[in-house]
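Reading through the structure tokens given below for one structure.
Chain lettering (A, B, C and D) follows the sequence in which the chains are written, and residue indices restart at 1 in each chain.
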Amino acid sequence: MNFASDNAYGAMPEILSALSAANAGAVASYGDDAITARLTRRLSDIFEHELSVFPVISGTAANALALATLTPPHGAILCHAESHIAVDECGAPEFFSHGAKLVTVEGDGAKLTPVSLAQALSHFQKGFVHHAQPATISLTQASECGTVYSVDELSEIGALARARDLHLHMDGARFANALVHLGCTPAAMTWRAGVDALSFGATKNGALGAEAVIFFDARVAADFAYRRKKSGHLLSKMRFLSAQLDAYLEDDRWLKAAARANALALRLAEGLAAIGGATLAHPVEANAVFVYLPDETIARLKKAGAVFHPWGAPAKDGRTLIRLVLSFATPESAITDFLAAAG
Amino acid sequence: MNFASDNAYGAMPEILSALSAANAGAVASYGDDAITARLTRRLSDIFEHELSVFPVISGTAANALALATLTPPHGAILCHAESHIAVDECGAPEFFSHGAKLVTVEGDGAKLTPVSLAQALSHFQKGFVHHAQPATISLTQASECGTVYSVDELSEIGALARARDLHLHMDGARFANALVHLGCTPAAMTWRAGVDALSFGATKNGALGAEAVIFFDARVAADFAYRRKKSGHLLSKMRFLSAQLDAYLEDDRWLKAAARANALALRLAEGLAAIGGATLAHPVEANAVFVYLPDETIARLKKAGAVFHPWGAPAKDGRTLIRLVLSFATPESAITDFLAAAG
Amino acid sequence: MNFASDNAYGAMPEILSALSAANAGAVASYGDDAITARLTRRLSDIFEHELSVFPVISGTAANALALATLTPPHGAILCHAESHIAVDECGAPEFFSHGAKLVTVEGDGAKLTPVSLAQALSHFQKGFVHHAQPATISLTQASECGTVYSVDELSEIGALARARDLHLHMDGARFANALVHLGCTPAAMTWRAGVDALSFGATKNGALGAEAVIFFDARVAADFAYRRKKSGHLLSKMRFLSAQLDAYLEDDRWLKAAARANALALRLAEGLAAIGGATLAHPVEANAVFVYLPDETIARLKKAGAVFHPWGAPAKDGRTLIRLVLSFATPESAITDFLAAAG
Amino acid sequence: MNFASDNAYGAMPEILSALSAANAGAVASYGDDAITARLTRRLSDIFEHELSVFPVISGTAANALALATLTPPHGAILCHAESHIAVDECGAPEFFSHGAKLVTVEGDGAKLTPVSLAQALSHFQKGFVHHAQPATISLTQASECGTVYSVDELSEIGALARARDLHLHMDGARFANALVHLGCTPAAMTWRAGVDALSFGATKNGALGAEAVIFFDARVAADFAYRRKKSGHLLSKMRFLSAQLDAYLEDDRWLKAAARANALALRLAEGLAAIGGATLAHPVEANAVFVYLPDETIARLKKAGAVFHPWGAPAKDGRTLIRLVLSFATPESAITDFLAAAG
């Protein structure tokens, strides 16, 4: 009964097989290999756009490298107060960007809104050297609270970014979960809505450790290759990183895995609705359930062996907010057992 | 006939199997798993010393993180002019250390000597704020020219470091190749000789992408975990990184692989000795052969499909220096075919 | 009628004279001169404590260098949302600290409280590598809103810092203004209350451009001299910087200048109390007045030639908050004229 | 008898007077004042070119800020092995540029040559992400050895820079000394020869602490104002910095001061020629004399109270190389006394 994170689970067997298949022979290193070329082609087809694709090994690396590419050292990055880049990356964006400033914005369900962004932007005077200069908006799709921006919501933020001459970055650590929830195309959820750079996640949804930083305009990505090398994120045996992503995308595996995780989350949420004292904190739109549970229920679940994290400060009414994350690989029995122990 | 680099070859089958074995179930992420604990135990046993072990995915990351841990921003790192950290990491040590200075030193076979180091140190005045302050010596074992420091040579440099209050870092991208050449213990080649931090390489010798930064004093490593996270080098599914290193070490696989590569290098060097106009540039002590060959020989080899890199500027006598790297996985036929084409 | 800032005014004549007096002869450069030694002695006497003193030329330099000395790259700095370091230094603390994170906290009158700090700290888990690690609290005395922490308030924050193993930094750009308001000793307002590092400002109160970074424990300051040089803030002709600070302190000039500015601020505030529609936003405890004025009054003042800045967003009731800063050199006629135009 | 450095002497009286003259009234801060505008106009006239002018307080700040503006973090800066930026700035260029690499080149008299530069460039492969990418050449005029590049020499290096798509930076800490030696125009020595950015020094030649970073193309300088602020180098009371530079330039004071220092250096060199065992190490083209003197002569000079620095390692023949720097303010008696003690 492990709901601690989607990264608590391993990798898709097909991805492991792809590593073995990629092992044959001697090939050019550092990305000049056929598998990496195939991956770029495949992603460009999926996104209906020519892409600059840079595989890296972690979401923090993907986010920090992308943000540093979009944001000068004297720039500011607007993001949600609960965003991964603001809370859970130990200041990686500040390090990679050489001291850019993260400006945190509030909003329900860990989602930015044009209103909250405009309010935050009103504090910065353009061209005033004393102020960090807003350069980039970063949003997370699906969000850290398991909610999903609609295409309209994304497009509104994209329009705001364009109007203010800002770049738009999407942290897509759970990109597939958001995509299957919306049922739209990858193009609709990214460049058509104004996204300039995407951290395309695969690790949480079945890779061993593989993400791709994707740019929709090669000029924006001009110095990315140097940043990746200078930060130690260029792999010599790149084929093994690209092979993970390539197998992830092949045969719609990524979509099927995300659809399964999302469905499990909904089933768990429905089961919890029947539990006394349980209240969902956010709509369940991806693969995570945020629920207030009575502390005695939580104690019972822990005793039964359930693994999960409390989220934020305890509520004052004898209940605590917990996060339950579902994965492509979470066994269905985990849900049954959890609900049985909670009930 | 690929001699371009040891990273042109893939991974040991046993390491790929270990990934599959590591895939089962849900485990704690970010290194709090049983495989990572087992790896630390195994390495501590091998080195006969309690170790702080931090797996990362590339040699550049290992070197830059280790050097930044040992060197303050106002510090200087003494290294060979041909060292990987000085030449081939796009300034990663400068980036991770927030602006420390690499001071390059000359020496035969890409090896530092106490004399060349003392000469370089004489230009820096201790406590003089205008000068970067020498903080760390970094040497590469086996070196970028395929030579190996003897234990005595290492100990002399270690003694110099201690006398001058400097840290000593070893870039061990080809640590196993040096070790089997010397036939000594890992302890003799590291902490007993005065090494404070080791970039322990596995990628070139059979992993997919796995190195370990090793410290012999936990106090020195106190902030390493933050540096690793802040630079995006902490893997969520760490088990897959640790499993590579663990399988690499198990059953002396690392030593056998290195011994094979070294033996192939010697065989190739012996064969080349019979080629007209061939001159070895350096003694062959690890898994690389640096040889001057007549340009017409080189042209013939290229035509025959041999893959390798020229090294440095062309010689003036119609010959060029080339580097030939042998790997745990280089087929023996590659050598036979190469010598046939060269002869 | 210039109330835009205290830095709109020039320098004390006695400080200009001190520059001429310091000009004679050839002396050791970079701070090894008699005037710099005398300054350190004088400050140590004034603070009743042996000090490490480092003159620099700007408040931003003083703050950023001090904070970087107290805070590792993976650290977090807690400060008020309206603090100069968060709002008006273009990310200098992030740059000098190599990517530390500023965590902004709310509070009346731009003042931190133990409660607001404890609330902010509750979001950070000690030793959890994903979180920036709180390392330093920075407060501004007098604050950016012209308010002053009492000695008790400072001591409570100092006690919190000690209890949480945090450093305490004071931005004293208007240190003298706060000191004469409280009527306490410099010792009581700093190290006795738990301050570890002080940006001791003189520029706003009569120097040409001179601040001193002061540490109360030489061990904390161990690498400061390198940071100052590496950032270009070590002056070769240091005597001219030290002479400004020395003359500033001599004969209590700094206290008299601050007392005058504070008194002018009180007089202006009293005069404004008689103006229809005027409301003070904060108690006037130093040399600044923050007042809501009707927009028509503001228009009239502008037309009469008054220079000042609006502060934040316009109020919704036809009034705007403006900031009026008084200086050691503001002529009394400026106040009379301003009140006449406003009335 | 102080020959330690030109920064051992104070400031021109006319510059001190200018500070007093600049003190009147309240003016806009941070450079939006009339004196700063007048300075920019005056410099543009002197250089016969529209300029972007940024006053700062130290040569290290000027150099590091200029180089960081010209060089990306993954770039390399080619400079002489004895250059101030490589030897005497504690790694400031690396810090401000976020980790760019200084590549040191040898050459007589601390001067770069097209041949030595081309040789150094041959080690870097364009577009190869493992190599720092050469971005900027930095030369010092007059050099750290008191020699001066001719206009032809500068133009050849400028042509090389253009051909290789590199920026050219001039460290002009002793710009005036070089200019009066050559007797050419500032334009000929800078932008007409291909210089993109100039650190225009005034401190060593009579200011209290004032340099100007000058760009000849405003587009290159686009983000300089942010870099200056973010590094704490923007002065609030900028008028006092601009006034120094303005008075320095007025009435050709800068040229007269440099001419005097150069003439004193020649006179000292001529006098030394008559001293037994004295050998000049470099031609005397600016305001410094580098001379080998017998150790007993040196001991005698020290005893007589002469202040100067040894330069580099002792010669092996019982002589030591010393540096003697002449200043606009060195009294003539210092030369007479020195020669008397040496003779």
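Simple rule for what comes next: contacts are C-beta pairs under 8 Å (C-beta built on N, C-alpha and C of every residue); 3 or more make two chains touch, one makes a residue touch a chain.
Remember, it's a predicted structure, so these values are computed and weren't measured experimentally.
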Would you mind checking the shortest number of contact hops between subunit A and subunit D? 1
Centre-to-centre on C-alpha atoms, which chain is most distant from subunit C? B
Taking each chain's centre as its mean C-alpha position, how far apart are subunit B and subunit C in Å? 50
Per the C-alpha means, the centres of subunit A and subunit B lie apart by a whole-Å value of 34
Gap in Å, rounded to a whole number, between the CA centres of subunit D and subunit B: 41
Mind pulling the subunit B residues that touch 2 or more other chains? 73-74, 89-92, 95, 98-99, 129-130, 226, 229-230, 234
Under the touch definition given earlier, write down the residues of subunit A that touch subunit B in their complex. 2, 4-5, 7-11, 13, 16, 19-20, 22-29, 56-62, 64-65, 89-92, 95-96, 203-204, 208-209, 226, 229-237, 239-241, 307, 327, 329-330
Quick one: in the complex, what on subunit A touches subunit C? 73-74, 76, 87-92, 94-95, 98-102, 122-123, 129-132, 313
Please name which positions on subunit D make contact with subunit A in the complex. 30, 72-74, 98-99, 129-130, 133, 223, 225-230, 234
